[in-house]
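A single structure is presented below for examination.
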Amino acid sequence: MSEIDEKTFRAEVADWMARHLVGRFEVLRHRGGPGDETAHPELRREWEQVMASGGWIGLGWPRAHGGRELPVSLQVAFHEEYARAGGPGRMGHIGETLLAPTLIDLGTPAQQQRFLPGIREGRTFWCQGYSEPGAGSDLAAIRSRCWLENGEWHLQGQKVWTSLAHDSEWIFVIARSTPGSVGREGLSFLLVPLAQPGVEIRPIRQMTGEAEFNEVFFDDARTAADCIVGAPGDGWKVAMALLGYERGLSTLGQQMHFSHELQLLVDAARAAGVDHDPALRRRIAEAWIGLRTLRANALRIFARGESGVGPEALVYKYAWSNWHRSLGELAMDVMGTAGDLQADNDPLRRLQQVFFFSRADTIYAGTNEIQLNLIAERGLGMPRG
Amino acid sequence: MSAVITEEQQALRDTAAAYLAGHANARDGRDGDMALWQGIAGLGWPAVIVPEACGGLGLGLAEAAVLLEESGRQLTRSPLFSGVALSHPLLLRCATEVACQRLLPALAEGRLISTVIAGPGLSPFVDAAGLEIRARCDGAGWVLDGTAAQVLDGDTADLAFVVARLEEGGMGLFELPADSQGVSRRPLPAWDLSRPQACWTLDGVRLAAEARLDAPGTVDAGLSAALAVTALLLAAEQVGGAARCIELTVAYTRERQQFGRPVASFQAVKHRCAEMMVKLEGARSALAGALAACPGLEGALALEEVAVARVQAAGAYRFCAAEAIQLHGGVGFTWEYDPQLHFKRAQWGGQWFGTPDAWRDAVADALFGRREEHE
Amino acid sequence: MSAVITEEQQALRDTAAAYLAGHANARDGRDGDMALWQGIAGLGWPAVIVPEACGGLGLGLAEAAVLLEESGRQLTRSPLFSGVALSHPLLLRCATEVACQRLLPALAEGRLISTVIAGPGLSPFVDAAGLEIRARCDGAGWVLDGTAAQVLDGDTADLAFVVARLEEGGMGLFELPADSQGVSRRPLPAWDLSRPQACWTLDGVRLAAEARLDAPGTVDAGLSAALAVTALLLAAEQVGGAARCIELTVAYTRERQQFGRPVASFQAVKHRCAEMMVKLEGARSALAGALAACPGLEGALALEEVAVARVQAAGAYRFCAAEAIQLHGGVGFTWEYDPQLHFKRAQWGGQWFGTPDAWRDAVADALFGRREEHE
Amino acid sequence: MSEIDEKTFRAEVADWMARHLVGRFEVLRHRGGPGDETAHPELRREWEQVMASGGWIGLGWPRAHGGRELPVSLQVAFHEEYARAGGPGRMGHIGETLLAPTLIDLGTPAQQQRFLPGIREGRTFWCQGYSEPGAGSDLAAIRSRCWLENGEWHLQGQKVWTSLAHDSEWIFVIARSTPGSVGREGLSFLLVPLAQPGVEIRPIRQMTGEAEFNEVFFDDARTAADCIVGAPGDGWKVAMALLGYERGLSTLGQQMHFSHELQLLVDAARAAGVDHDPALRRRIAEAWIGLRTLRANALRIFARGESGVGPEALVYKYAWSNWHRSLGELAMDVMGTAGDLQADNDPLRRLQQVFFFSRADTIYAGTNEIQLNLIAERGLGMPRG
């Protein structure tokens, strides 16, 4: 399949998007994704099935599992063209890019046959249950417990910062299966259906007034005995493997969204008549420079391919999250006092959401502080302190 | 050196802190706002800088700063700022003595809620061309027209003091009751719920001759000085807010454990909090310096000293609020915790009354002379 | 994607690193400079981007970048930069083929040391009015006049390529041997001993007709592009320097003990080093992106991509050098340790070839169109 | 004496300076002080005696010790007027403002009678021996040893970052008098003459090429048995008391120097024609704002008086040193490529020295990192970690 010409492939994606992201789906353009997850969730679920029917889910999966086994360059091309066309934030990305590769590598054939089709067909949605109130940056401090009883796994505990939980059917969870174990030992990785009495999902209201994260409470929740990935006690290993699959293939897609936001900001500056202010011009240029740098950084990550994690991968999350936060601040300075008001105009509203929601960018998926620890320890070999 | 706080100021601070701690209402929106306002009025705060001759307490800006600092700390939602920091300095700087004596007693008692309309963002660097409202003389009275897109406390104010562009040139100051014929106002959805705003549209509003409050010529000179006082008192409010962000963050990080120890014990967290404190103390010093240079409302205002306070306080508050969110981890981002409220208030305060960059430019003009492009 | 380094480039890097590690001379000033230069010439580095037809290796900018990165890492004092990064791109962009074939072989072999005079700070954003040297046609030849206040490697260069303002308008490129009659040069005391400078005064210097190297019109278009290449290769040098600052700092802080533990184990120190690395990797990425967009000297130059590399590398180097001094504690400030050398080099590099702010403005012009004041 | 009117006093200082900082002393205007200590050391020693003859040394000392017992406000006024007149960096300040108050509080009458007159008369100069190669930020790690033998103190060890050592007669030193002691225990505070065979002073060449710090080596150096302040073992206490006396009275004088530097920068911007560049104008305005803030901060410190160390005192060193460092960077950006060259023009040279030497400002007398630790721990009550 690697004989596909990238240019042809890009044209194919663009053409498909132009023909499908229309009609009732048109409202989804540039919507969804972090900071905007509450936009049109039902319609975006439907959209996933349209995507599936176009063959756009599982591009990188092995053919044996129903994927298209496309090379990285074409997967990148897909994400870029998808985002360029304004493709909405994906409801299925946790299943497709995190859980599926984990099951393909570490799951049983039965698990693969049971779960992969629903993901590939855009029918089954997954969310992620890692963080807990006492285990945010410190995942090893997990306190949720699970135990096997009467041929079922039972689960007790609480997860937090779970996005899309209310729009998902399943959650994967790490919980402590060995009573009394501490740290990374004695954890197991379970697949748990959400539609059951033992599960309660409570939205967390965020500073914008919306809620796109949730708390998920497990009060004697159940799942089948074979809904464990790896052996009991392997949970940490499986969880770390899973985090490793998201090598940032969707990164360039994310950057296309950033690029869209930057364009909105440039337009807003023109509209506000501040595009002749020398200081704002320079700051906007700096934002553009930062985004090109992120892009070049991502290309270095892909160029390295499977040959391990380079320094550019280690710094990437810190770099993009702080860039994005600055973009939001810049956007508000461009808007001036108009930024005080919840804009009813879509582009300005989007920029305001960037301003507020990007405060979370430097917190979730490893805070700035954790990222800097990792960079110093893994990137520079400095002692753990 | 008025860098020293007097005993009276300390007593005022203690009273204010004690009262407000029991009546914070920033997150809850409108309920109880009026009860809080009546409580505040009962304590005499709206009277603070109103001269005794006009029914006020006749205290100085330092005392007003104490009240606004405490109110900023508690993020109270009330028209105190629009009164004490905005309307009263404007009247005292620009209105005739007769007008002051007619209007200030009711404002000092808190019986009337007032606001100001004087150009977008209420910048002290405004000129007549930048004003949104036009006034023309119409026989015995005046006719006002125009739209003020964002009026602070514009939803609840009983009246606005409007600085309008006069048809014959220059500026005039007018008293505009909110229920005047031809005034329509529309509440706006502000991100900062504690700083409500409304849009006022004036369509041929007719006012009597005595609605004009200034002696001709005084507004052109006085408006900038009045809004500079507003900026100075905003700095006080921001110092209070920044101090609160530090308190909240230190308390939370001492409590919260990660990797088996309090988050507050990590050096990176300590250093960030220390930097917050460096910025706060800078702002506090700058505020004290500006208050020492501008004790009251009379006389020339030390504009550059106000610039120092304005720039440092706005910067400190923005920094401290942002760091408070970051150092609270996930919860800092949620509705239930206070950092987000400070973050929104800090964002608001960076855009009104002249941005910090506009104030820096004013300082540069003082150092170098005004910059002429193409010179 | 040329973000990947080829095996050949890696081999070049290894050779360069090995050679330079044994021949660093930045602190010692002049002794051994010529020996080092002959060694460098023997390795063929001055020939790197010179086309094979002109006696060079005909490699691309990526290979030149590798050499400059390594030389920046070791802070070598040699005219390599003035040759490979400055003179050669200028000739290849602006000189006729005949001129290139005449001049480049000796430059590629390192037999002649050259520099460039083209306006203060050698900014790519220069126009004819900004040039220091004027040239007028005088019958069969040319007469050059003017003072170039700061000429890089101007103390040792055998010749300068001078971009001069032509009497009839526009720019011309001239070959000016240092020993020409009417040239006087005065070495200048530069803070960065590894970037020596001299002042050249040209007083009615007469040159033969063939000393003019350009086909008329090519310099006006080519000078900016040539100096943009210089800026890009400077970015490579700065990436090398910044990387070295991190290595030195990590090694020193691992060794040095305070309060009974290695300084490198303090979280504040770790985070600072991590931020150095974030900036370095950003600069590396930006450089790789710009090299991918500008593989060689032909064709249009992706000016905005060069801006990205220029801004990120200059910022990273400045930050890393300053932090290296700070994190070395007292010794970072002393002559004997290397951080100060990097600090001086970083300062120098922030002012030449267009400041980072000038490059940002160029990006803004591309985004918004040129800013017209009073528009 | 507090009945002296400040205005009159200021006029008196200004008048005296105008009459004395002339003739051969004129070259000293605005010279000396950190970053410029190598300027005219001999002439500056002479100047100290002129100062003494004017009665300007020991302004705050008790009258019983030959001082004038002036209130803080007048001491501040003196430092301001002195600096405003371009008074040179003081060679005697370590003796006058650090050692003398220590002797007055903790010294014996004999020590007071022996050492105070030389300081007050501008004849005897002191330097400070605290830091050691292994004990920079961590003074408790001091390894220099001293012992009493045959009625004399013997001293063995090495001090570093000693400024003005080559221009001083005496050094005060903390050294370990209890063999085997660790940390703050077992240290003693000794007064040691420099002119003896056991003392060697080696200048440390700094990045500007000049040397204003020194290493001081003690190889069986000696001092009299009564040249100890406090009891043996009290060294830490005495050292900390000494650091406490420098409450920043000279701070406003330092700020006048800063103000002079800022004025040089403003002039340089005009001369370079960059005073119309909007970004540089704003940065210069920011520097001005920062300096006014430092001034207001210092006034808060003095207003608090003896009632303890407030938060404004705790942040002050961090604030001024980082402000000064930024000033140097700004000055170089104003100079552009001309900043590459060692200026032979006095004002530009001074600004270049600020650029280079201010890198030390955030290192000596407590690095930025130590300052932030102290602020967090003492100012905010955060745990020691």
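A, B, C and D are the chain letters, set down in written order, and residue numbers restart from 1 in every chain.
Criterion: a contact is a pair of C-beta atoms (placed from the backbone, for glycine too) under 8 Å apart; a residue touches a chain by one contact, two chains touch by 3 or more.
The UniProt protein names, listed by chain, are B, C = Acyl-CoA/acyl-ACP dehydrogenase.
Nothing here was measured: the structure is a model prediction, and the numbers come from that model.
Pairs A-B and A-C differ in how many C-beta pairs touch across them, and the larger number is found at A-C.
Ranking all chains by how far their C-alpha centres lie from the centre of chain B, first place goes to C. For the pair chain B and chain D, the distance between mean C-alpha positions equals 42 Å. Averaging C-alpha coordinates per chain places the centre of chain A 55 Å away from that of chain D. Listed for chain C are residues 266-269, 271, 357, 373, each touching two or more other chains.
Touching two or more other chains at once are residues 278-279, 282, 369, 372 of chain D. Across the complex, chain A is touched by residues 1, 3-4, 246, 250, 253-254, 262, 264-267, 269-271, 273-275, 277-278, 281-282, 284-286, 288-290, 292, 304-305, 307-308, 311-312, 357, 360-361, 363-364, 367-368, 371-373, 375 of chain C. Chain contact summary for the complex, chain A toward chain B: residues 131, 134, 136-138, 141, 160-161, 204-207, 209, 213, 279, 332-333, 336-342, 352, 355-356, 359-360, 362-364, 367-369, 372.
Interface residues of chain B facing chain C in the complex, by the touch rule stated above, are 266-268, 271, 373-374.
Contact residues on chain D toward chain B in their complex (touch as defined above): 73, 266, 269-270, 275-276, 278, 281-282, 284-286, 288-289, 292-297, 299-300, 302-304, 311-312, 314-315, 318-319, 369, 371-373, 375-377, 379-385.
Those residues of chain B that touch chain A in the shared complex are 120-121, 150, 188-192, 195, 197, 257-260, 266, 268-269, 322, 325-326, 329-330, 332-336, 340, 343-344, 347-348, 350-352, 355, 357.
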